[in-house]
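Here subunit A shows up in two complexes: once beside subunit B, once beside subunit C.
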Partner chain A sequence: MNEQLVYTFEVIVNGLMAGVLYALVALGFVLIYKASGIFNYAQGVMALFAAMTLVGIQNGQVPFAHLINAIFGTDVHKFGWSVHSFLAILFTVAVMVLLAWMVQRFVFRHLVGQEPIILFMATIGLAYFLEGVADLMWGSELKPLDVCMAQGNCLPQGMNGWLDNTTYDAWGTGVFIDNLDIVATIVAAILVIGLIVFAQYTKQGRAMRAVADDHQAALSVGVSLNFIWVLVWSLAGFVALVAGIMWGAKSGVQFSLSLIALKALPVLMLGGFTSIPGAIVGGLIIGVGEKLFEFLIGAPFLGGATENWFAYMLALLFLVFRPQGLFGEKIIERV
Partner chain B sequence: MFYREAGDYSTTYAEDQQTFPIRFDRYRYYIVLFIAIVVVPFVVNDYWVNSLLLPFLIYAIAALGLNILVGYCGQVSLGTGGFMAVGAYACYKFMTGVDIWWGGELLFRLPEFNIFFSVIMGGVMTAIVGVLFGLPSLRIKGFYLAVATLAAQFFLVWLFNRVAWFYNYSASGQISAPERDLFGILITGPSVAPWAAYLFCLIFTIASAVIARNLTRGASGRKWMAIRDMDIAAEIIGVNPLRAKLTAFMVSSFFIGISGALFFAVYLGAVEVGEAFGIQKSFLVLFMIIIGGLGSIFGSFAGAAFLVLLPVALKVVGVDWFGWPTDIVAHLQLVIVGLLIIVFLIAEPHGINQLWRVAKEKLRLWPFPH
Partner chain C sequence: MKYKLGTYAVAAVMAASPVMADLVFPSLSYRTGPYAAGGIPFADGYADYFTMLNERDGGIGGVMTRVLECETGYNTEKGVECYESTKGEGSLVYQPLSTGITYQLIPKTTADGIPMHTMGYGRTSAANGEVFSHTFNYPANYWNGASGAINYLLEQNDGDLNGKRVALVYHNSAYGKEPIRTLQELSAKHGFEFKEVPVDHPGQEQKSQWLQIRRDKPDYVIMYGWGVMNQVAVQEAANIRFPMENFIGIWWSGSENDVLAAGDAANGYKALTFHGVGRDFPVFDDIQTHVVDKGNAAGAGDQIGTVLYNRGLYAAMLAAEAVKTAQEIHGEMDITPAMMRDGMEALEMTEAKMAALGLPNFGPEFNVSCQNHGGTGLVGMTQWDASSKTWSLVSDFAPSDMDVIGPLIAEDSEAYAAENNITPACN
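The block that comes next holds the complex of A and B.
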């Protein structure tokens, strides 16, 4: 196969994979936005927080060890055990649920009925707070994240080798695909299907959609707003955890993880704030678009690193012509 | 809020409409000005100027600018860092003489501008860029606009990083301010007297505050506030949204550009764009106006003072008194700032300005509160 073509394919595949991760973060945004009208800027930091908590629990780190040492002059770092990945993930989910409850109880219950922009700024504050807490709890250095599925070593022995061989040049075309990317795609697909099934066919899911549709009507038929909001924030926390694991396995758990939240914003604008398929499609478009633009135009003609702004510019141009996004509900203004 | 007070008579319209109608407020304002202009320059040393006063004055200008856009006109912007960068780079280019190239040849070179006019030009250029990026605000609103302004932030920072013309092809990719003087007194460069840098920034801060105050209580300010409160209703009563929003973007960017120019030329001396004018700066200035008070001039100053003081105070308490490592203090600072934002949004959405106003009212009536 032609070399240039192979490169282009690899770029597209890479873009698709990055897009999957953007889409995962964007998914968390959409969940919360649909149910409570809160535009949750802290989603990316939640992913960071979840990933750091996971690593911390896995390695048996003492939370706030650094701070405790500084205050009391002690020298504690680790409990001296390590937790199995699966258990650690369960614990982390529990932490995210607790976090969801606290956010709901201590922040947004007091802000009900405020303007959307005020809620948005509150989530920016929340993002700062969470980032500081995560750093204090687990330390801010770069941590490798080693979950079995990232390494592919929980598969049977022969299967892993077979997968490696097949993906090394993708069925003889010469295109290289990372195992991790395939895992990420499959997990994301399962997650999306699971969320859709949950929203469509379970009692809680229906209640969630009812709240998304109309708060007061939902209240009047006996749906507990508080419970639904905690539920939604927990779900978003879970999605953040998945995104955090994917991204962390790829490039380690570090601060830049929270910056993908910013990348998720143009994804949302492209896909529409209220649409789950929109988040996925938007994520893929942005992922492929920025990689292709960098490859075809950015690197040869503009001096590179166009990935930093391409997504925002695309969203900006897009918004001027279609303010509600690809799949969003039409914006109707009433006086 | 008390606008008038017993025994405080005005006999002319001019007196009736002045900025500080209460005599006590007016005198307090004069005293603050007097201390800032006449007393402070004689007593400050290097530490005070560089770690407190200069950042306070410069951030106060940026906060004023952003407050006009967000607090008065209701258009949320996250592009402050990018606009400050425009001010800084424009100031740099005008300081060192703008060179225009065409087809590989030097077409012409402007003479080097005086530092004062360079800073002004920094503001003017930023105003132009701000209007360009403000154009989408006519179609998109709320946090859609906030995200759109992120485009400005990232694009501008990238532009100044990649296009060598902006940093005069220097090898490091940084811009550093050459020595420039005003009336023979050094303003920029490594060997500036603290009081000179302080006074230079103070002039701009006072001028900005006076301009901002008068703009916001005049016709244009009322139009901005009408747009903020309800844009459709404002349009129906005859406010042109195009003009109102774009003038808000223009004035706001002008101030932010000036603060960026000062930040680079007087305060830091040399900047690397991603570091000095990154997205964190945008949030910092936004936090200043949230904490200080959206839609208030005093609030911009209070918020700037608060967020400049906070890290310094934390450092003094944490590192110097308790002997904690600096990274813990930095993380604690994040936690505290985040908490403060949330607490202010919940408890006092109008910020420090409102606290100050309530305190003043209580003190006026004290000890007979009825």
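The block that comes next holds the complex of A and C.
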């Protein structure tokens, strides 16, 4: 096969998979915005917090160790045990649910009925507060993330070795597919199907949709707004954990992980803030678009590093023709 | 009433006046934010060395040292604020630990008469002391690094890089672009093909860049990265099965942080350095005894011997030696920033001196002069062993190609002098 064609195909496949990773981050934003109309600035920090908590639990790290040692003059850092990845993920989910409850109980419960900009500001405060708590709780140093389902079967490498080896030499030049991206794609697919099934076929899911459509009407039929918001923030926390694992597996868990939110913004602009399929399709379009542009035009003619601005330009183009995004709900206000 | 007011005024003036009874070393650190993982060990090493001098020797020349830490978050504006808020404390020398902050502080420190040391970063042409009177970048700079990498590759290829392909993966910022001109000159001189591959901040996603490298198949990749960009690049290189022994990072891409995330796949990765690695140096015993064991460590004490901790310690050691030199020159123990500048400009680092400090063979020997604020530009190569999780020095500290770098320094510094109406001179 023509070498250039193979490389272009490789770029498209990898762009699609990068798009899945972007979509994972965007999903968290969509969930909260859909149910409460809040643009959650803290979503990136939630991914960081979740990933740090996961690594901390896995490694048996004592939370707030530096603080404890500074106050009490002790020298404790670790419990001396390590926790299996699966169990650690379960514990982390529990922490994220607790966080969701606290966010609802101590922040948003007091802001019901406020302007969207006030709620947005509250999430900015939440982001910085959470970043500080994460720092105090687990420390600022970089932590390698090994999520293992079995011995030698860990992210980011070690999974799908067969596929990796097969594709590596295909058609002479090979088609590179990252193991981690394959796992991310499978996980994202399961996550989206799970979220759709939850929203369509469960009582809580239907209640969540009712609140999203009209929270006053939902309240009038006995749906608890507080419960639904805790549920939605918990789901967003879970999505943040998944995104944190996928991104953190590649770079290690560190504070720059919160910047992955920047990758989700053009996806949201393109896919719409209220659509789960929109986040996925938006992610795929942004992923393929930016990679192809960099490969065909950016690197050869513009000196490279075009991805960041091109993603936003692409989203802007879509906005001009479809302001609500590809799958967003069109808002018509009649006077 | 008047008497009371007068008393308060005197008290206020006394409280606001700088405390002159100690040697003040501001540390523009970043323990928070996206680059904290790199900022913490450096700040710890810098602070711990001065604490050790206080505890073990009673300071320098009998005058206690004081580290004045100010958090910048690796943010240029905050860095400038830190400078403004600490310069009145009698600060002797600034280590901004950021190229962006350095560029902002060059004119400010010159105007205020306070020296600045940008070790292995900052404006490379500051090596010309006739133009940059208060900025020092010994013992090595970015261009020494680029040349050191090419010299190492020449050595690996029997002195011939003709027809080889070398790619530069760089942070798309003023810092990352620094080596481009040098590598272009070296490419013309040695006949290798040179390709630039920029990565935008923060570098969390580099798929395009590494697919490009997979397609272009360079023989060697040199990296000028920082923070998360390094970890992702090492991981992506491993993913496309790029040979790690042909992947060389600058010293800001060569710490434990940069390779641990990739696990075994990072084995064999190389990085340039201008100082020793590991904790097998006598000075660390003193740090343990006089700092960590007494509970005076700046951090948790778990960073000792890591690459960036050693770099912070090295920066502190060079600052302390410059103080000693200044004290000798002026016969004054409680020195001023102007005296400190004189000490830095007359600094001589010999092997005998380093051995006496408990740091034998820790760094290259060099002299600083008015004309040369950059030292000798000797750089070494380190390599990562993933099984033992250690870096080891795999080359001697070797000279860089000053025939190429010298004219570039002269050209850039002369342009700066012309822009700022500076008449190059030695005082």
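What we mean here is this: the second predicted complex is superposed on the first by the 304 of 335 C-alpha atoms of A that agree within 3 Å, B and C clash if a C-alpha of one lies under 4 Å from a C-alpha of the other, contacts with A are read in each partner's own complex, and residues count from 1 in each chain.
One rule holds in what follows: a contact is a pair of C-beta atoms (placed from the backbone, for glycine too) under 8 Å apart; a residue touches a chain by one contact, two chains touch by 3 or more.
Quick caveat, the model's predicted, so the values are computed rather than measured.
By the document's definition of touching, of the two partners only subunit B reaches A:313; subunit C does not. In the superposition on chain A, A:127 contacts subunit B only, with no contact to subunit C.
Contact with both subunit B and subunit C is seen for A:305 once the two complexes are overlaid on the shared chain. By the touch criterion defined above, A:291 reaches subunit C but does not reach subunit B. Once the two complexes are laid over each other on the shared chain, residue contacts for A:135 go to subunit B and to subunit C alike.
In the superposition on chain A, no contact is made by A:49 with either subunit B or subunit C. By the touch criterion stated above, A:247 is placed in contact with subunit C alone, subunit B being left untouched. Looking at the shared chain after the overlay, A:233 reaches neither subunit B nor subunit C. By the document's definition of touching, of the two partners only subunit B reaches A:110; subunit C does not. Overlap of the subunit B and subunit C interfaces on subunit A comprises residues 66, 131, 135, 140, 303-305, 308. Subunit C meets subunit A in the complex at residues 31-37, 40, 172, 196-200, 202, 204-205, 207-209, 211-212, 214-215, 227-228, 231-232, 235-236, 238-241, 257, 260-261, 263, 265, 295, 300, 302-303.
Considering their complex, residues 76, 136, 139-140, 142-144, 146-148, 150-151, 154-155, 157-158, 161-163, 230, 232-233, 279, 283, 286-287, 290, 322, 324-325, 327-328, 331-342, 345-346, 349 of subunit B touch subunit A. Those residues of subunit A whose C-beta lies close enough to touch subunit B in the complex are 39, 66-67, 70-71, 107, 110-111, 114, 116-118, 120-122, 124-133, 135-136, 140, 262, 265-266, 268-269, 302-306, 308-309, 312-313, 315-316, 319-320, 323, 333, 335. Subunit A makes touch with subunit C in their complex at residues 7, 10-11, 14-15, 18, 21, 66, 69, 73, 77, 131, 135, 139-142, 144-146, 156-157, 168, 176, 178-180, 247, 250-252, 254-260, 263, 290-291, 294-295, 298-299, 303-305, 307-308.
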